[in-house]
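Presented sequentially are two complexes of chain A, the first with chain B as partner and the second with chain C.
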Partner chain A sequence: MSQPLLEASQLTRHYKVRRGGRLFGHAATLRAVDGVSFTLRPGRTLGLVGESGCGKTTTARLVLGLLPLTSGEMRLDGETLPKAGSTRWRELRRTVQMVYQDPLAALDRRIAVGRQVMEPLAIHGIGTSTVERRDKAMAILESVGLQAHHFVRYPHELSGGQRQRIVLARALILEPRLLVCDEPISALDVSIQAQVVNLLLDLQAKMGLAYLFISHDLRMVRQVSHEVAVMYLGRIVERGDPDRLFSAPTHPYTQALVSAIPVAARQRRQRLILKGDPPNPVNVPTGCAFHERCPIAVAHCRAETPLLRPLADGREVACHLAAASVGGL
Partner chain B sequence: MTAVSSLPLQRSRHSRFLEAWPPLTLVALAWVALMLVVALGADWLSPFHFSALDLRARLQPPVGFGGTWKHALGTDELGRDVLSRLIVSIRISVLIAFFGTLIAATLGTTLGFVAAHFRGRVEWLILMMIDFQASVPFLIVALAVLAFFGNSLVLFVALMGLNSWERYARIARGLTISANEQGYAGAIRQLGASSWRVYGIHVLPNIASTLIVSMTITFPETILLESGLSFLGLGVQPPLSSLGNMVGYGREYLTRASWILLFPSAVIILTTLSISIIGDWLRDRLDPTLR
Partner chain C sequence: MYCPAQRQCVWKGRSISVISPPLIDIRGLTVDFDAGHRVVRVLHGVDLAIESGEAVGLVGESGSGKSVTWLAALGLLGGRARVKGAVTFEGRNLVGAPAHELEAVRGARIAMIFQDPASSLNPVYRIGRQLCEALALHRGLTGQAALAEAARLLDRVGIADAARRLRDFPHELSGGMNQRVMIAMALSGQPQILIADEPTTALDATIQAQILELLQEIRRDSAMALVLISHDLGVVAENTDRVCVMYAGRIVEDAPIDAIFDRPAHPYTSGLLAALPELEGPRRRLVAIPGVVPEPWNLPPGCSFAPRCGEVTAACEASLPPTVQVESRHRAACLRARRPHEPGIGA
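== the complex of A and B ==
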């Protein structure tokens, strides 16, 4: 097996907040990301799913080094990620790039898209002449399926899918090895979603890119990922092969997520509808964070926090009951 | 064939020209250009020295109201030629308003960027300065400064530059923070760009339209503030004259010799209006999404 490209171990990101909103409200800690570990190898895709506010985007920002870690360690090619804004961090942007949820917001409205695609080259001093950079930008535009005449257009003159391709082209012109995709398709039409996902898959095959693919569209995640991690309240609750994970989820939260995937078939299927909202990450329940909404919780769940434990089929799950039931088989 | 097809093409070219350069904007641009020419060429354009007295021709009305072409816009109570004084006043007022606005915009925008970039204590300090500036009547500050340090044109221009910087600082800070948090500035920074590049190439052009519109508001304000201070005797000192200075002293002859006051007033109104129109036009023109 190849050397891991990205090693994240026990990433945590806590925020100091004041509860009560008053001047003398007591200080509290918001655990946005609380001990997330994963590794990513070149050419592989890790899908990160979970409901809103579970820490997916914070994880992405930690991976990019845009947020400082509260604790834990991030290694890129075995090198600890330096502080954001430092010279070394800027150099490492050539290795890690990002694709955004809203491509219109991520592009400068006043600059023709071609020049924006060329800009990373100027930032990193790649290529000497403008002509050389332009040629490179043209080539990359072509590889994401755009034509030369798009070069002089402004972002607002392009469609959503074309804009997302521009954002992709801008990221890819640096020839990164890891692309963090934060909800790259959720702002796009369904027909364009498929185009962009297919493009991502093609590029991965061609350039050997690794993706950290964040989405709440479980079917898309299943399609693109080699491995899926389900997050709940800043922790990974289940991780493993996407097909196995989605066909036979073991964690009750994953079961609820999977049962929420819409299906075209008319057959009535048991839907697991969770009660209540996810708990406030400032005030995480004791024991298993999910026990308040869990349909099968027992007293033990309230007392002890389950750790991520491997199952017989290679999956990992953080649930006392799931581990027991599968372990007993 | 070519003759037939060239006609609609020409018409569309004509209408396209009018769309890019609306007539009102052309008039405004022409007026501002005239003001600049007057300001630069004041020495050659004025028929008399601005403080030359002609005591036998005091309070002479302008041409068309019983005056002569010798003093085309009449004379004031000391027999000084109003046209010559107007030309010199335009030079002084344009100088003060232009550099005052420029200083305010540069200072305010820079402080706004600094606040948005460093956040934390630096931002507190700048916000405190902004609140201070906004809560203390500037006229009082100006009075204090001029009373302590005496009056010179350089000091006066610098003081005008301190007038409304807090507006630019607020705009620049707010827009920069929103651009940094999520969106294009964050994306560019993520590409590995230095802060100079982010602010200079991306943020500044994007917020420039707001700043330019703000400048077109402060420019007339600076002229009016200068007028107010000159009127109180703390601005431009006689015998040197500015537009506000002329209005202030002409007030005493409002009923008998209204031309002393009306001409500089008209210049103030037309100049400020022209600049507002140009500001509007520039904002639309600078924004590619509105093209």
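== the complex of A and C ==
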């Protein structure tokens, strides 16, 4: 096993809010991310799935240092990440780049895309002359499947898939080792999604990039990931090999999530439909956060929060009833 | 419940044991948008007939004309659109019909729900008031009768404690609940067709499953026809009997669900299927469709899909492929789709 590239341990991000949204409401804590740990190795992909509000994007922003941690620690190449904004942090931060969901919002519409791809080089003081940076940008455009004439185009002149390639090129020009992709294909049409996913896989094979791949599309996550973590209300509830996790989910929430995916092949399945909506993260139920919607919850689930614990097949699951519920339901 | 025989459709005069004329019959529907300096055609002659009780899926990429077809049919496109063709519903042509005639149909006989429920509801009115407004318009109910019916509708769409919920504002409800309110409002006119335009795209996976289940249940109970517009082939496969695949303003394939998956006749349909990852089985590299959808003002002279098609011939680029009947209820607009033993029609 290679040395871990990124080690995140007990990442936590809490927000102070006023309950009820009123000025004089009781002070309360919104636990957006509540003790998330994971390890990423070079050339590997960790898929992060879950519903909106479960803390996927907050986790991504914590990894990038765009949000300060409430508590927890992050290590890059064994080195604890220093305070955001410091010189050393900037050096380390170069190796972690981001790909956003909506490429049109991530690009500046008034600047030719070529200049936007070159900009990170100027920010980090790489390369001495414009010519040198320009050559580098041209090379990276080619590696994401664009041509030289795209350099002088503006974002509105490109299609959605081409824009996402520009966003990718801009992230890759700093030769990062980890790419955080937050819903990188959700804004694209089906026939274009496959193009971008194939490109991501090719780039990983060529450059040995690690990906933190966030998506609500379980099928795409399975396609790209070496490991998948399922989040519910700020915590990881199940983690493991994507094939096993999706074919035989253990946690009742993962089971519901997998069963909710419409399958193209028309095989009649018994669908597990959850009642209600995910609870408000300000008001997380006691014990297991999922027990109110869980079809198999027992009294114990209400009292004690289950911790992530390994199963026999190497998977990890945070459910008191996990061992008993394999293949059940 | 509907009789299976009634679901069979007449297509271009071909009689296939049909008992009644279709519920709604769209023929040669075209839409041109006047962009000021030029006129752009976005819908190129759509033919679509739907029987009562039938569930039809409309699949395609953004800009393929899925939504525009229905907005045009219901006269909702505004002054800059020029709509031609015929939309026959209950013996009347809706295209060019006067406003008062359209208003008797829109929302009442044909209801529509949209992708984002929060932007379809008025944020400053309680949902009870918004439901009662729809009931007053379509059914002439007022006062206590309207309130009671509104509560019954909310209960029907699975909202617990309906009478109290009537006093809630849209922001007090979750996205899934708001979509249920939209469905309740759509049901207020006791429609014969419900057009659901990406009804679950803005919702989470577990909530999507709830809403689709609700739509199925309502359809079973009321024999209402359902048009499900979606970009997700999986959603359509599970919830409809028949699917129409649209590309660049045309229906390129129209077939029962099983036929679409087992023997797609149009290369675009097979391309879409190959581009979808699976949830189970071995992982394979996705086969992407190369290139992009052509802009509506820059369509190729022949088949719109020709520049991206792997099986393109010179004939494809020369002229528009006619829609041919592949099987009894399966048609496709592709030169290669024609079966040798079955002479094509509609050429």
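To be clear about the criterion, the second predicted complex is superposed on the first by the 319 of 329 C-alpha atoms of A that agree within 3 Å, B and C clash if a C-alpha of one lies under 4 Å from a C-alpha of the other, contacts with A are read in each partner's own complex, and residues count from 1 in each chain.
Just so it is clear, contacts are C-beta pairs under 8 Å (C-beta built on N, C-alpha and C of every residue); 3 or more make two chains touch, one makes a residue touch a chain.
All figures in this text were calculated on a predicted structure; none of them were measured in a lab.
When both complexes are superposed on chain A, chain B and chain C end up sitting side by side without clashing.
Of the two partner chains placed by superposition, A:D313 touches none, neither chain B nor chain C.
Partner contacting the larger number of chain A residues, of chain B and chain C: C. In the superposition on chain A, A:V263 makes contact with chain C only, while chain B stays out of contact range. Shared-chain residue A:E304: touches no atom of chain B or chain C. For the combined arrangement built by superposing the two complexes, chain A sits at the apex of an angle of 80 degrees to chain B and chain C, based on C-alpha centres and given in steps of 10. Judged by the touch definition given at the top, the superposed model places A:H216 against chain C, while chain B stays out of reach.
In the overlay built on the shared chain, the residue A:D277 is in contact with chain C alone; chain B does not reach it. By the document's definition of touching, of the two partners only chain C reaches A:S247; chain B does not. After superposing the two complexes on their shared chain, the closest approach between C-alpha atoms of chain B and chain C is 13 Å. No residue of chain A lies in contact with both chain B in one complex and chain C in the other.
For chain A in complex with chain C, the residues that touch the partner chain are 51-52, 159, 161-162, 189-195, 197-198, 201, 216, 218-220, 222-223, 243, 246-247, 256-266, 271, 273-274, 277-278. Interface of chain B with chain A (complex): residues 182-184, 186-194, 197, 202, 205-206, 287-289.
Residue ranges on chain A touching chain B, taken from their complex, read 64, 66, 85, 89-91, 93-94, 97-98, 100, 105-111, 119-120, 123-124, 154, 156, 167, 170, 174.
Against chain A, the residues of chain C that register as touching in their complex are 61-62, 174, 176-177, 204-210, 212-213, 231-235, 237-239, 257-258, 261, 271-280, 283, 285-290, 292-293.
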